[in-house]
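First chain A sits with chain B, and in the next complex the same chain sits with chain C.
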Partner chain A sequence: MRLPWRWLLSVTSAATLSQAHASSWNMPVGVTDISRDIFGLHMTIFWVCVVIGVIVFGVMFYSLFRYRHSKGAKAAQFHEHTSVEVLWTAIPILILVGMAVPATATLKNMYDTSEADLDIMITGQQWRWRYEYLGEDVAFTSNLSTSREQIRGEAERGEHYLLDVDEPLVLPINRKVRFLMTSDDVIHSWWVPELAVKQDTIPGFINENWVQINEPGIYRGQCAELCGVNHGFMPIVVHAMEEADYEIWLAERKEAAEQEAMGVDREWALEELMARGETVYQSICSSCHQSEGQGAMPAFPALAGNEQLIDDLDWHLDRIINGVSGAAMPAFRSTLNPVEIASVVTYTRNAWGNDTGDVVQPAAVAELITQ
Partner chain B sequence: MAPKLPPQHSLQHSSTAVAGGPSQEHHAHVAHPKGVMRWLLTTNHKEIGSLYLIFSLTMFFVGGIFALVVRAELFQPGLQLVEPEFFNQMTTMHGLIMVFAAVMPAFTGLANWMIPLQIGAPDMALPRLNNFSFWLLPIAFTLLLSTLLMPGGGPNFGWTFYAPLSTTYAPASTTFFILALHIAGISSILGAINIIATILNMRAPGMRMMDMPLFVWTWLITAFLLIAVMPVLAGVITMMLMDINFGTSFFDAAGGGDPVLFQHLFWFFGHPEVYIMILPAFGIVSAIIPTFARKPLFGYASMVYATAAIALLSFLVWAHHMFIVGLPLTAELFFMYSTMLIAVPTGVKVFNWVTTLFRGSISFEPPMLFALAFVVLFTIGGFSGLMLAIAPADFQYHDTYFVVAHFHYVLVPGAIFAIMAGVYYWLPKWTGHYPNERLAQCHFWCSIIGVNLTFFPMHFAGLAGMPRRIPDYALQFADFNLLSSIGAFFFGASQLLFVLVVVLCVRGGQKAPAKAWEGAVDLEWSVPSPAPLHTFETPPVFHRAQSHD
Partner chain C sequence: MWPVVKSVLAALLGVQNDRQRQHDFSTGKPAVFIIVAVLVTLIFVLLLAGIAIFAAG
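So, the complex of A and B:
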């Protein structure tokens, strides 16, 4: 009996080792205690199935071979056997109870979001992720950074094709991080396999999950719930750092956020706003309204040459600050700051031949938002 | 001993029960419409059964072509053939057509043909309703397919059509999708009512419930499931209709609604629905295995009880489709335990089939090949189902290709192989000819290779982290997708062989006697092959066979 067990173990550990490679055949072991527990459950139930399968299919194929009509097999006529039937009802129940006990323990652990060191708000948006470090005044959105040329096959595809973002979520290792998860539009699902966190982000709900990462590294995942046309193009990248590095990063981000906040009160020139606005537009707006403002009807109207937009500045501001109820356009009052809103409005009113000459100042937007 | 025996009948009544002198004369006086009107107005269970089966086969190819569009796009990384928007319409339509227009009508077609023959009834209980149920289907699915040509495109939110993607963010054609689903749902409910009325009222004198063949039993239970859950589907799509067109907010959080409510309602329908697609398959396999093992089905009574247990449990497991929506811990535990419990009655069935084979006298005609493949591959799908039931592990499996692999294993080599097994088994009864054995074997082996090549690599793609319903993927998933795409085209092409076998069999072939298979025992084998248009006009007397011991 010892040999088969050793063989089993070696196969299991070979599967474990192969996780280091990108082209894996199995679930990743991951870098958290929970992900290791889940991997253990996965392998256990897998081997339970293999053993049952070998027995059942063994009997089946033995019978198919041994009792062939062509070899003159004579059929027996038995058709019931109470004790065997009781036995093969009872044994599976015992196996299932044996599986349910560790699964329950792991699940309880996964649901314990108490006593977190750090809270992060994750908001799904068509088709990007927004991360807010609660209580730290740091927030940003994270977009796919794989180029259109790569997707269309006009440029060589990089190693992390479709799994690269402009700004990764940065987390410290060895700290319990609680995620508060919601959505601005449809249901998305935030999933990083190596962290064994997959949780739906649902409009109107705040789901909780947590992670405590054991090893620094870069971990990649994707949206797992069909969320519209660009569902396949909203990856997740988590950059897990040593705690000291994380503190330095956080301080830098806070300072940058303060700089931006101070910019609200000063007068901005048209060129400044246009430059800033183009960055915001390409990162936030272009996934629906397209990179040249040409839109994608019927869902996403064109902005270039849009007469209502050109004629009515107040209407334009209202659409961006408050969104369009019952349509895909979200309200940006809380996800973009006044500088970003002012610059993107200025940009769309002057780019692609719209040429209104309007300059919207961040201070004016700030006033509108507080109203 | 005697009361517990499985159904075994003597076939002595056949000479008096079928189209004899007087009844034939009687029918000669009835004027039958010819041409198209014959099929539009038919109330005959055999003709309506054939209509259902032809419709289903047509839709199987339509849904299959949609799947091949998906597989062609996924052949290699990058966007090559279709835009993501159209890709989403293809995944959605593939699922909807296969579930509602291919698998379900195929089982209803088999039920129409075989239930009256297996219980010794002259026809279905409600023949005109039967005609109506069928003709609703072409209307429903013409409407559904026409949405692909509407401005804004067809449904693009997956066959599970989760709100608010399917309401606030849906294309304009969604209202037509809702209407199509309503019509298909009415057809299913009416069909189910008819089947229940037939089975409960029209069994041959002397046939008790526990004498019925398992195909009849599994369909009786399936029909009750249909009546229980199709109204829930109708309710949830009506709520969508209201949200889209009448300003309600059932599923819109901004109006105080609840997107998760949609998923509860959908899966309260959806989980029994997946058993609706597999229970009749159990019945077909339970007829074929004893026939070609020349040995009574092992554990007839436990098969009936296991089917009923699976049907009851199917109402208590719906939220295992929702393990990651943020249910409370107690709900997660309840649905994990209840889901694991389903493995017990399902296991009983597999053990019974295997024990039926044990010490039998087994031959490998085409129906048997498909039935045996069903047992093995459905069980593999059951194993991955057991893995998915483990809620913590499901946090990794959910919404990946592992799930896609799982449900395709239970639906393609599960439900669809069982349907094909049933077609090969009953073709001699329908046409009077045996299907060409060599071609059927060729179809079988091509299908086995194709189905495994398509769906087995999906397990690995899912475990490695590939989400479902994406039109493009990261480079580490390329090899698995390449294999799946090759397999899918091979599997699709081999189904043309199936059409060839069926067409050849209808047109000619080796003549089949009334009892086409040596080991067959049920009542349908007592009427001539091909079965005349009207059978059992005088009810047969059902004889329970004596013990073989």
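So, the complex of A and C:
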């Protein structure tokens, strides 16, 4: 019996190489203990399958060739052979149990979300992710930041085409981070291959998962559950930092949130609101209502020249604060703060020739939200 | 009793030989095989549950 040993060896060494450097044709090794365990299981089970395949097909092809009809081979005619039958039942059982033991241990570990150092609420929305650092008063939405020109093919596509966001999820390394995952609208799935997390986010349910990242870096992922027209435009970026850097970042975010809260009570000028409003509009609203407010019918009405919007400020505010039930327009009362709502309303009422001259103050919005 | 248990275990693995099968079908009572088979299945299920509880504990 001659097997192509040299060929087999070259495949083996190629696979070992891939284990060292995450290759493009295999799953990533990842940067958590669990992702490494999963990769190890994947490779172990892959090689178990390879060995079984080589033995089974080797014996089969050898027999086909060695005992071929043209050589005058005669088929053996026996009916049963209990010890062989027991053997070919027992061996697969042992192999399966042997694979199940480490796989189950890893699975148990993956589900153990107890004793986390940090809790983060992840909410899927059409079509962005919202991150809330529970107990820290820090929360933000993370939106696609790949430019529209790139998407339309009018500009050259960047290295991280459709995998860039305005605000990445920032996490400390070496700490157990628990994710509480849900959705505001339809089922999404939060998937970051390097972290070995792929978890459905389901409206009305809270799924749990956890990571403990070993290496600082930027890890990218995507929504992995078809969730509507912009499913491909809600990527995930995780920025894993040294613990000290994370603490600095968190303090800055808290400071900024406080500043923002203080800004609610003061009087804002039209120019200020317009500038802020444009930023909010482009990151939150433009994916549906388009960058110039032209909309995309039938699902997404135009805002530029929209007569109902121009005539009725209260109606306009109500749409944004409470959403439109049964339509794609979500309620922004808890995902945007009063400053953001006031500025984006002011912006849409004065941009693209809407020119209503209305200035909506954050304090007025805050009052509407608490009603 | 032992031959019945042996036949049931052989059936579980799917390895009964023809001589034993002929013997069981000509002399044994179906009810005995069915009762033993149900008991053996029950023991198998409890065994798996026991392993699972032990592993999870």
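Points to keep in mind about this one:
Here, the second predicted complex is superposed on the first by the 316 of 371 C-alpha atoms of A that agree within 3 Å, B and C clash if a C-alpha of one lies under 4 Å from a C-alpha of the other, contacts with A are read in each partner's own complex, and residues count from 1 in each chain.
Basically, a residue touches a chain if its C-beta (ideal position, glycine included) is under 8 Å from a C-beta of that chain, and two chains touch if they have at least 3 such contacts.
In this text the structure is predicted, and so the values were computed from the model without any measurement.
By the document's definition of touching, both partners, chain B and chain C, reach A:T89. Within the superposed three-chain model, A:C227 lies in touch with chain B and out of touch with chain C [touch as defined at top]. Judged by the touch definition given at the top, the superposed model places A:V344 against neither chain B nor chain C. Of the two partner chains placed by the overlay, neither chain B nor chain C lies in contact with A:M241.
Comparing chain B with chain C, more residues of chain A are touched by B.
Once the two complexes are laid over each other on the shared chain, residue contacts for A:I120 go to neither chain B nor chain C.
Contacts of A:E80 after superposition: both chain B and chain C are touched.
In the superposed model, A:V29 lies in contact with neither chain B nor chain C.
Of the two partner chains placed around the shared chain by superposition, chain B and chain C are both touched by A:T104. Comparing the two interfaces of chain A, the one with chain B and the one with chain C have residues 79-80, 85, 89, 104, 108 in common. Residues of chain B that touch chain A in their complex: 4-6, 77-80, 84-85, 88, 151-152, 156-158, 162, 164-165, 168-169, 171-172, 253-254, 257-260, 293-302, 324-326, 329, 332-333, 336-337, 340-341, 343-344, 347-348, 350-351, 354-355, 357-363, 372, 375-376, 379-380, 383-384, 386-387, 390-393, 395-396, 398-400, 460, 463-465, 467-476, 479, 548-549.
Note for the complex: chain A touches chain C at residues 79-80, 82, 85-86, 89, 104, 108. Residue ranges of chain C in contact with chain A, taken from their complex: 10, 13-15, 17-18, 55-56.
For chain A in complex with chain B, the residues that touch the partner chain are 22-28, 34, 37-38, 41-42, 45-46, 48-49, 52-53, 56-57, 59-60, 63-64, 67-70, 73-81, 84-85, 88-89, 92-93, 96, 99-100, 103-104, 106-108, 110-111, 126, 150-153, 157, 159-163, 185-187, 189, 191, 193, 196-200, 202-205, 207-208, 221-233, 298-299, 325-328.
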